[in-house]
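The data blocks that follow each hold one structure.
There are two complexes below, and they share chain A, which is joined by chain B in the first and by chain C in the second.
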Partner chain A sequence: MSAKATNVDWDKSGAAAKRKKIAATVIVNAIILVVSLLFLLPLVWIIITSMKDQMDVLKQPLAIIPSEFMFVENMKEVLRRAPWGVFYKNTIIVAVGVLVAQLCISIPAAYAFASFKFKFMSFFYLFVLARLLVSPESLLLPNYLTINGLNLYNTLLGIALPSIASAIAIIIFRGAFLEIPAALKDSARIDGCGDFRYMLVIGIPTIKSRIIAFSITSLVYQWDNYFWPMVITESVQKRTLAVGMAYFGIQAESASEWGLTMAAAILVVLPLLVAFVFFQRQLVDSFVTSGIK
Partner chain B sequence: MSRGSLAKWSVKPYLYILPMVVIFGVFSVYPMLRTVFLSFMETNAIATQMQFVGLGNYSDMTSDRHFWRVVGNTAIYGFSQVILTLGLGLLFAAVANSNMVKFRTLFRLSAFYPYVLPIAVAAMVWIYLYNPSRGAINLLLDHRIQWLNSYEYALIALIIVSVWKSLGFSFLLILAGMQNISKEYYEAAALETNNHVKRYFMLTLPMLMPTLFVVCLLCVTSSFQSMDLVAIMTQGGPGHSSNVLMYYIYQEGIINRRLGYGSAMSTIFLLVLVAFTIVYLKFGERRVEYER
Partner chain C sequence: MKKSSLEKNRRFSLLSTLLSLTLVFLAGCGDGNSVDSSTKSPSDGKAVELVYYFPTQTSGPLAVAMEEIVKEFNAANTGVRVTATFTGNYDETMQKTLTAISGGNAPNVVLSGYSLSNLLSIDALVDLNTLIAKEPKDFLDDYIPGFFTLFEYPGDLLYGMPFQHSGTIMYYNKDIFKAAGLDPENPPASWSELKAATEVIKAHDASLIPFEFMGDNWMTEALALSNGGGVHQDMDTMSLDNPELIETVSFFKGLMDSGLAEDNTSYGGAAENFLAETTAIMTNSSGSLGNVSKTATFDWGIAKLPAGDGKDPVALLGGGGFIIIGEHPQEKIDASWEFVKYMTSPEVSAKWMLASGYFGPRQSAYELPEMKAMYEEKPQFATTLELLPILRSPFMVTSHFAEVSNTFKLALDESYLNNADITATLQKAQKEAQAFLDK
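What follows is the complex of A and B.
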C-alpha cells in the first residue's frame, strides 16, 4: 500500500522476506512429502510384498524391486488356498442386504419424525438417539444371545441383523426431509398426493445426495467390519472377506508367507481402491456428511 | 371408522416407524436392558439357566486385577488416540489448507486412505511391518524391538496403528470445518494482523471449537469400542498388557462363558457411553451435520 513511498526499503526487506518464504516453503513441503510417504508406507508395502516370492521375503525383506515379479503366482496360490469367491459373495450379500434394510427402515422413520406430530414421538426418537454413540460391538453379549436364540448363529443373516439399526441414517435423513421447502409439499398436497406417495416420488429424489452419501459409508463399514462377523460365524463357508483375510493372514504369518498375505490383502482392498480412485471426492464428502460411521 | 376420527390419533405415523421400532427394540434397547439384567445373574453359556447373585459380579470386578489393567489400557488407548488424532488432525488440516503446500492431493489422500482400508488388511500389513526380524520398521531402525510381543511396546504399537488408521477421519472433519469459516472473518482479521500463526490462534481455532468438540467425542467413543486391532494383532497379550475392555468382555463373556461377569462389565461400560451420548446430545446435536 505504502510501498511507493519507501520503495528502496521495501525492495530490500521484500527480497529477504521472499527468500525466507521460499526457504520456508521448501522445508514445509519436504516435511509434508516425508509425512505423506510415511503414511503411504503400509500401502506401498502391501503392493511391493505382494509381488515377491518366498525367497525374496526371507532374504531381502527391504528390497523395493522384487528379483522376480511373482504377483500372478502369489495370487494363484492365494486363490487356491481359500474360497475367496465365497468370501466375496458373503460380503456383498451382507453389505448390500444391510444397506437395503437400513434404507427401508430409516427412510420412513425419518420421514415420520420430520413430517408428523404424534404421541410419544420424542420417546421413540430417544430409541434412535440411544444407539447414536453405542456401536453394535458394545452390545456384543446380548446380541450374541439374541442371534443364538433366533437360531441364526453361523448364518449371514446373523451377521447382518445387529448392524441394521442405524441411528445416523435416521438423523441424517430426518434433517434432509426437514430441509425440503414447505411450498413443495403444499403443492403436492393440492395435487392430491398422499404422504406415502409424496415420500417416494418427491421426498426420496430430493434427499438423494444424502442417501448416496450414507450408502457409501454403510457399504465401506460392512466391507471393513471384522469383529462381529468373526464372533458369530464358525464355518469357512460363512466367512466375510475381513474374517477370511484375518484367518488367512494369521495362518500365513506363522510360515512367514508375507508375499501371499499381501496378495490376499490386495484381493480384499481392490474394490475399495478402485472406488477410491474413481469416486475420491464423493467418498470423502460422504464421510464428512455422515459424521459417524 | 371415518377419516375424521383418525385425525387426532392416527395410526399412520406409527406404521412409518414400526420397522424401526422393531429393529431398534430388538438390537439396541433390549440388548442394553438385557445387559443390565444379566449383570445381576450367574448363568450358563447361553443364558438359559440363571441364578440371581445380586451385586456379586460387580464385587468380582473390584478384585479382578486384570479388569483394572484393562480399564487402564482402554483409558490410555482412548485418550492418547484423541490427543494424537486431534493434534495431528489440526496440524494436518492447517497444512492442507495453507497455500504454501504443493502436494496437497497426495497429502490428503495419504492421510485419508487408512480410514477406508479394511481393518483386517491394515492389521496384517502392520503385523508384517512390526515383525521383529523381517519387519520393515525394525530393519529401518536397525533394532530388534518386540513390538507386539512385549509388555512395554504392545499397547504403543496398537495405538500407533489406530492413530494412523483413524487420523484421516478427524483430519477431514477439521478441514471441512476450516473451510466452512466465512472468508469475511479472515478479511476482518487481516486488518488486525498479518501473522498467520497469530491469526490461526485468534480466529481459526476458536471458530473450530464446535467441530473439535464433536470430533473429540466421536474419537473417544469409537476408540473405546474398537477391539478389531486388538483381536487380530495381539489378542490382548502378552499377559493383558495390550488388552482393552471390549475385548476383555468378549474373552470373559463368550470365551470363558462368564456371561454375568461380562454383562456387569458391559453395564459399567454402557453407562460411560450413555454419559458421553448425553453430553453429545446436549452440546453437539446441532453440529452433527457438516454439509456446507
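What follows is the complex of A and C.
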C-alpha cells in the first residue's frame, strides 16, 4: 500500500499519469462489477433455488450446485397449481393498456402545463402535485367504491383504471418539456408547426428518454402489483401474475416450499427480463442521449 | 407565446388538463354513495350465484384442492353456483372481505380465521344458530363440540362453522434422540424432562438447537395452560400476571439463557430448522404436519406439549371456519348454508384433512376408510388424535382484541428478547390490557 503511494510521489511524468488513469479505470470497473454482482445475486439465487428440492434448500441453503436437479419437476408442479396462461394474458393486457393510456393522457397534460399560460394553471398543477401526497393504501376503499359503482368489479379495466392517470408522469414530462430550448419551438412555429404537431413531431422524440424511463417503472409496477388486483377481482379468469405468485411461499403454519416459490418467481420475472435484455441497446441509448439540447 | 395562436392553445390546454384531472380524481376519490350491487335481483329460476372467499395458511397445492371441492359441489347442486375466490392469507382475506362489504359487494361465504371482531363491529355476520335451529335435532351430533368454542359469543350466538383446525404440538427428531442416547419413543412430557433432554442433546452436539418454541401469544398461552395457568379469566378480564404464567415465561427464558432453547417468532421458520435437522425439538402448530411429513428425510415423532411438573398438558386450538355474510336476500343465505353444510360434510371434511393435515369438524370423517388408511401409513397423524380431548380455545375478549393482544405480545418480546424483569413486565401489561377492557 505504502509502496504505491510513494510511487506516485516519486514520479509525476506523463507515463505515470497514464498508468494512474488505467489504474483508476480498473478500480472503477471493479467497483461497478462488484455492485452489479450484488444486484444480480438475488436473481441468481432465485434460479439456483428453483432447481433444488425442498430438503436440499433446507439442508444446504448455501450450496450453489443442487444435489439433484429438480427444475423440471418444480416447474411442472408450479404450472399444475395455477392457470399461468390466464395470468400472463391478463397481466400483459393490464400493464400495456395502463402504460398506453398513461402516455396518451399525461404527455398532452404535461405539454399543456409546460407550454401554455391559462387561468388557474398553478391551481390545477397543485392538484396534480397533491395526488402524490395521497398514499396508495388510503385509496383502497375509495377506489373500490368507484370501480364497483362503475360496474367494473372483477374486470381487467377495473384493475387498470385507477392507475391510468399518473401524476408522477405529468410532473416528469412537464419538467422534460420545459428543458427544451425555446428557440427550437420558435423556429418550428416560424415553419408553421402548430402545437399538437410540435408536441408529436418534436416534443415527444426530444423527451423520449424520460418516456422510456417512466414506461419501465410503470410496466414493472403493474407487473408486480398484488393487493389491488387481488381485491378488485374475484374469478381466477381475471387475475394477474402477482396473485398467482401468492399461491406459493406461504409460511403461516408451515415451512415454505422454496423450490416451487422460486420457480414461480421465475415465471413472473422471466418475460420482463427477456424484454429488457432484448431492448437493452435501445434502452441504454435512450438514457445516454437524453435530450438533444 | 404569439397572440394569434393563443385561442387555439387555450382550448387545447383546457381540454387536456380537464381530461387528465378528471381521470386523476376518478382514480383518487370515491363519493361513498356507490350503487348497492349486492342486492342484485336473484336470478329467476336460474342457479343462485354465491361468492366464496378462501385463504390458504399452509403450503402445498391447497388452492387446487379447494377449487376441486367447489367444482364438485357445483356439479352436484344445480340450484346453486359457487365462485371460489382465493384471497391470500387470513389477514388479507379479512381486509378484502371488509372492503367488499363497504363496497356493497359482499361475498356470501368466507373461510375465515377465528378473530371476527372487525366483522362483528359492523354487524355483518349471520348468527348460524338461527340456521341450525331449522335443522333436525341431531344435526350437531356428529360435529366435534370443542371446535365451536372459537366462534361462540355471549348470548348463545354462533358466527362460524368449524372447518380447518390445528392445535399446539411438539415435534421431535427421533434420529437425534437415538444418537444422543435418549429414548426416541419417550419424548419429554414435563418441563424437568424437557430440560434434561435438552441438556443431553446439547452435550451430544453443541451445534444443535435442542429446543425451539415461539414466544408469541398463541404458543405462550398454550404453554401457560399446560402449567395450570392461562392468560385470561373471562371475556372481560385478562390475567397476564398470574403466577403460573410468570413461571412459564421464566422457565422458557431460563432455557434460552442456558443455551438450551431459542425463541423463533416464525412457525414456518422453526419448521424449516426442524426439517434441516438443526433443531432437535420444536413446538409448532399441527398445521405443519402435512409439510413436515412430506419433506422430512429422518425419523420423527410428535407428542403433546410438555407440561409443568405435575400438571396436565393442554393443546391450544387454532384455525378457521365458515362465516356467512348477512347483507344478502334470504334465498342467498339459505344457499350459503347449503354450501357450508356440504363443506363440513364427513366426506369433504376427510378430503380436506388429507390435503391439508388439519383437523376436520366431523367425528365420522375420522372413521372413513381413507382416513384410517392414512393414519396407518403416517402414525404421526394418528398421534394428533390424542390432542382432540385436551384442546382448549385461545383467549377471546369482548372488545379491543387487537390492543390487548398487542400489549401481551410486547410484554412477551420484552421478557424473552430484551431481558426485562418478567414479573414487573407482565404486571404492567396486565394493567394496560385491563384498562382497554374497562374502557
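As a convention for this text, the second predicted complex is superposed on the first by the 197 of 293 C-alpha atoms of A that agree within 3 Å, B and C clash if a C-alpha of one lies under 4 Å from a C-alpha of the other, contacts with A are read in each partner's own complex, and residues count from 1 in each chain.
By definition in this document, a contact is a pair of C-beta atoms (placed from the backbone, for glycine too) under 8 Å apart; a residue touches a chain by one contact, two chains touch by 3 or more.
This structure is a prediction, so every number in the text was calculated from the model and none was measured.
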Contacts of A:E234 with chain B and chain C, given as first, second, both or neither: second
Chain B versus chain C as contact partner of A:L140, first or second or both or neither: both
Touched partner set for A:A95, first chain B, second chain C, both or neither: neither
First, second, both or neither for A:I211, with chain B first and chain C second: neither
Partner chain(s) touched by A:V284 [first = chain B, second = chain C, both, neither]: first
Touched partner set for A:I164, first chain B, second chain C, both or neither: both
First, second, both or neither for A:L103, with chain B first and chain C second: neither
Partner chain in contact with A:T25 - chain B first, chain C second, else both or neither: first
Which superposed partner A:L219 touches (first chain B, second chain C, both, neither): neither
When both partners are placed on the shared chain, which of chain B and chain C touches more of chain A: B
Set intersection of chain A contacts, chain C complex versus chain B complex: 58, 61, 105-106, 108-109, 111-113, 116, 118, 124, 127-128, 131, 134, 139-146, 148-149, 161-162, 164-165, 170, 195, 227, 230-231, 243, 246, 249-250, 253, 256
Touching residues (chain side chain C, partner chain A) in the complex: 1-2, 5, 8-10, 12-14, 16-17, 19-21, 23-35, 37, 51, 56-61, 63-64, 67, 83, 85-90, 92, 95-96, 99-100, 102-105, 166, 266-269, 271-272, 275-277, 285, 287-288, 290-292, 294-295, 297
In the complex with chain B, residue positions of chain A that touch it: 24-25, 28-29, 32-33, 35-37, 39-43, 45-46, 49, 57-58, 61-62, 101, 104-106, 108-109, 111-113, 116, 118-119, 121, 124, 127-146, 148-149, 161-162, 164-165, 170-172, 175, 195, 220, 223-224, 226-227, 230-231, 241-243, 245-246, 249-250, 253, 256, 258, 261-262, 265, 268-269, 272, 276, 280, 283-284, 287-289, 291-293
Chain A residues touching chain C - in the complex, by the definition given at the top: 54-55, 58-59, 61, 77, 80-82, 105-106, 108-109, 111-113, 115-118, 124, 127-128, 131, 134, 139-146, 148-149, 151, 153, 161-165, 167, 170, 189, 194-196, 227, 230-231, 234-236, 243, 246-257
Complex interface listing, chain B residues touching chain A: 9-10, 12-14, 16-17, 19-21, 23-32, 34-35, 38, 46-47, 95, 98, 100-103, 106-129, 134-136, 139-140, 164, 169, 172-173, 176, 214, 217-218, 221-222, 225-228, 231-232, 246, 249-250, 253-254, 259, 262-263, 266, 269-270, 273-274, 276-277, 280-281, 288-291
